[in-house]
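In the two complexes that follow, chain A is the common piece, with chain B as its partner first and chain C second.
Right, the complex of A and B next:
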């Protein structure tokens, strides 16, 4: 095992509702690695096993067969300390705003750190810290979470996980249903967490654009299997993978492909908006 | 942590067996007849016959035996409690007694001379054992029969059938459509709520909530972070549903048509007649000796 890997999954399989007519194989011999300090994007169509995979990272699901090692903790060992594990890996589910329950924003954010047993004065500091990390105004602390807008609620929910000071943050569709501006802010905040707080980020999505924008490594899943992994260039150059996982190229790449089909001398292996802008403007020089 | 999705008792298992394809209205009537019959008979061989009848029927559903049994396992505690309570609490001839402070006594006879300072006694009586056995057997048969019904009939079919059967109650001003609509909405949202519940439980577990703690207090405290989001969610869903129904001009049962009309044929008539004959035979055997005397 490489020293720097934080989450290491090998040959992991998982079946839901075993022994019933509803039995479905959610994961089929999945290999996955996330190194310390990386942003890894997991992408794939609905029902491809993304959510099942990430629930193994903090022990919500235990490996049925195969191995899961998180920061040196072997999850196949039955007496693994789940509290320790959940301190290390913060998992934010899709639409996390539905998990808020406290009377005030501050109390809700304090729930996680209190559960894992931090001292009261430290909890106060952590609540403030994570609120500012998620760009929440300190004046919000005493408001009811149910009076906030959808985007704010989601940031409160993520702050609630950040307050536990995880080494890795796993986000399931963190920008689903947000307006474009909030979406951009959210992605910036995630990148910020990675750069400044050195948090390993695993981002699950079914939209190529946001994954390409921030992830350094991309894992493509389909029907419970990992069908490709690597950087954007390695993944997108394989059109078979893109087609079989029913994915769309990032919009800017799609544009470059169309332009080159029209006979313009542009590269079409560019995946970020910046790179594409540069390439197009170079045409006019 | 998959306990919520593992509840299989009575969950519809799609299929196309003879039992699946019966008209749900007939199935309800058949179920009522068979359950009533179970309470009319109290001879052990007749109850066993009734149980065997359902075992045979369950083979015609095409549903795996292990799946049916998995659902039935859930009632074992209820059967055990029924049996124990009946055998201890029914008055009659004691077979085993526990008398404080003398201890266990077998074949205890009340006229026996036991210590006069007896404070407390529990008697397992012969009548109690018999009655407990019958009640447990009836309970098993009823749950078995009902789960065969719900395993082979989708919730929508059940509510449609109930609505249709309740039409007979129109002179009594029974709001058949409204009852059926409430039932189908309730049934429809059970899986949705379970799904939400499951998700919220997982989210709160990720935030350190300890549902597997040995301390009951710790576990009980974890229910607030689960129940509040669940209720908030349920009200929101109810609101959305109301708007969706109104925007599609829902105005009650008047003039509403169905996607699938229920049709009955010779198969249903056959099943009903077969049930009637079977029940008649059992009930005849039950009262036969009384009649002949």
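Right, the complex of A and C next:
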């Protein structure tokens, strides 16, 4: 187990504005593991510490107490090379399209690798590769990012992070504000990055339905603590966890609960549409 | 009544980057209606909704709010007090350091008396079920609570219409529910017309009527049930089914004869139970 973990957090605490009247404890002895090649979903109410936690993964925040180890790098050591770390872990903020600033799509995607000091021909290759990974047509390279649609702009922003060739991608609400079709395409692309490029994915989301469809492990946070972690069954079968973090069940699970309340002999420990409709249709066979 | 007649709006008009954001759109909204506005990213929803309270103006066509033409500068303040606007991110709209001051800000600017303002603060906090937070600091509230305060501050101007541009996209499921419940109460019990711009298909069912924008044009104006019964059309408009619709589709593919569309989970559950009890099962 230990050798396959990519991010290992133990007993991590973090306090904002420490020593002032506005002091807020954002993380309280958090344990978290993301294994290589996993898709981990982090859920929990607004203000529960999700964003504070993920900012530790690429060294934007440094551990106040507790341990953070990323791909063998110990982030507690003050001389840790942040440049190395940020090549390993790409962080995509909420609404990353607001961070686009260059004149062309290609220049924006090239910004990261250029800062690191790669040769121009290497940068050119990386820009092409990242665009193709995000399904952006090569003809877009010379366009202004601001002439693109919201979904395209977001893909350009993520392509800029992929151009650093990270081993792990951390995404904070990557589909918030996108229309349903664009949302679906974006989730498919994220799953593809994981399957084909073997990129470890950590995903923060408010949509239980989307999380259960793509994540292999779900971590629930509330009030700065991890209150549950495991597969969908382990997390959503615990009504205490659901109530205290004010989560909703995935809609298909909610349906199964209602059906069994109506007296139908169905399981309600099912979390994907496929599994739920299999169970329901078996009633009629 | 809000009357939108043949409205067109360009960005960067007469430049090489010219974009026609809204193109020849017409519709009316009656007082007391609840309308959801859907459409892909960049379809013109936000441009259109900003024209409804005179933040931006039609280049062609007219918009009238209770008879007031939005292109006549003399009407702008009257229009903005009739049509309230709530944006996606409450943090970009909240400016004061307590909830009470925040709500007093709008009416204070209109020169309304102190007694009347105090009365309105009580009223609007009650409407969004936030009475307990009168003295709170907005930045200490949750996302859903902040959004309800943003709504309350707009309500303090006593609008007849309130437009919300994706007000729940940054909220967690609980915050989202709180905001939707508040909107439903304002519409049903107070009679305020609600125009909800959203990317969440389930939210659209809160409305009696749906307007769909696609590439600047209005392409659907009607009941939610009709729109959501056509999966192919939805996809061509970059829209999707709410979860219950996806479940119904999957059931149909697996041979369960559930028939029509059940946007609400309760109804879908009842239908399945009904089929089962009628002996569809062996």
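Convention: the second predicted complex is superposed on the first by the 284 of 285 C-alpha atoms of A that agree within 3 Å, B and C clash if a C-alpha of one lies under 4 Å from a C-alpha of the other, contacts with A are read in each partner's own complex, and residues count from 1 in each chain.
Note that a residue touches a chain if its C-beta (ideal position, glycine included) is under 8 Å from a C-beta of that chain, and two chains touch if they have at least 3 such contacts.
None of these values were measured; they are calculated from a predicted model.
Visitor: Since both structures carry chain A, what do chain B and chain C do when superposed there: clash or fit?
Guide: Result for chain B and chain C: clash.
Visitor: Name the contact category of A:61: first (chain B only), second (chain C only), both, or neither.
Guide: The answer is first: A:61 touches chain B but not chain C.
Visitor: Between chain B and chain C, which makes contact with more of the residues in chain A?
Guide: C
Visitor: Looking at the overlay, does A:176 come into contact with chain B only (first), chain C only (second), both, or neither?
Guide: In the superposed model, A:176 contacts chain C only, not chain B.
Visitor: Looking at the overlay, does A:19 come into contact with chain B only (first), chain C only (second), both, or neither?
Guide: first
Visitor: Output check: A:96 vs chain B and chain C. Expected answer is one of first, second, both, neither. What do you get?
Guide: So A:96 only meets chain B here.
Visitor: Which one of 131-139, 257-265 or 275-283 is the stretch of chain B that crashes into chain C?
Guide: 257-265
Visitor: Under the contact rule defined above, give the chain A residues that sit at the interface with chain B and also at the interface with chain C.
Guide: Dual-contact residues (chain A): none.
Visitor: Mind listing the chain C positions that touch chain A in their complex?
Guide: 17, 39-43, 88, 142-144, 166, 169-176, 199, 201, 235, 238-240, 243-244, 246-247, 250-251, 254-256, 265-266, 268-270, 272-273, 275-276, 280-282
Visitor: Can you list the residues on chain A that touch chain C in the complex?
Guide: 44-47, 94, 147, 149-151, 176-184, 206, 208-209, 246-248, 250-252, 254-255, 258-259, 262-264, 273-274, 276-278, 280-281, 283-285
Visitor: Write out the stretch or stretches of chain B touching chain A in their complex.
Guide: Spelled out, the residues of chain B in touch with chain A are 1-2, 5-6, 8, 13-14, 63-64, 66-67, 70, 196, 199-200, 202-210, 224-225, 228-229, 232-233.
Visitor: Can you list the chain A residues touching chain B in their complex?
Guide: 16-17, 19-21, 55, 58, 60-61, 83, 86-87, 90-93, 96, 98-101, 111-116, 146, 160-161, 164
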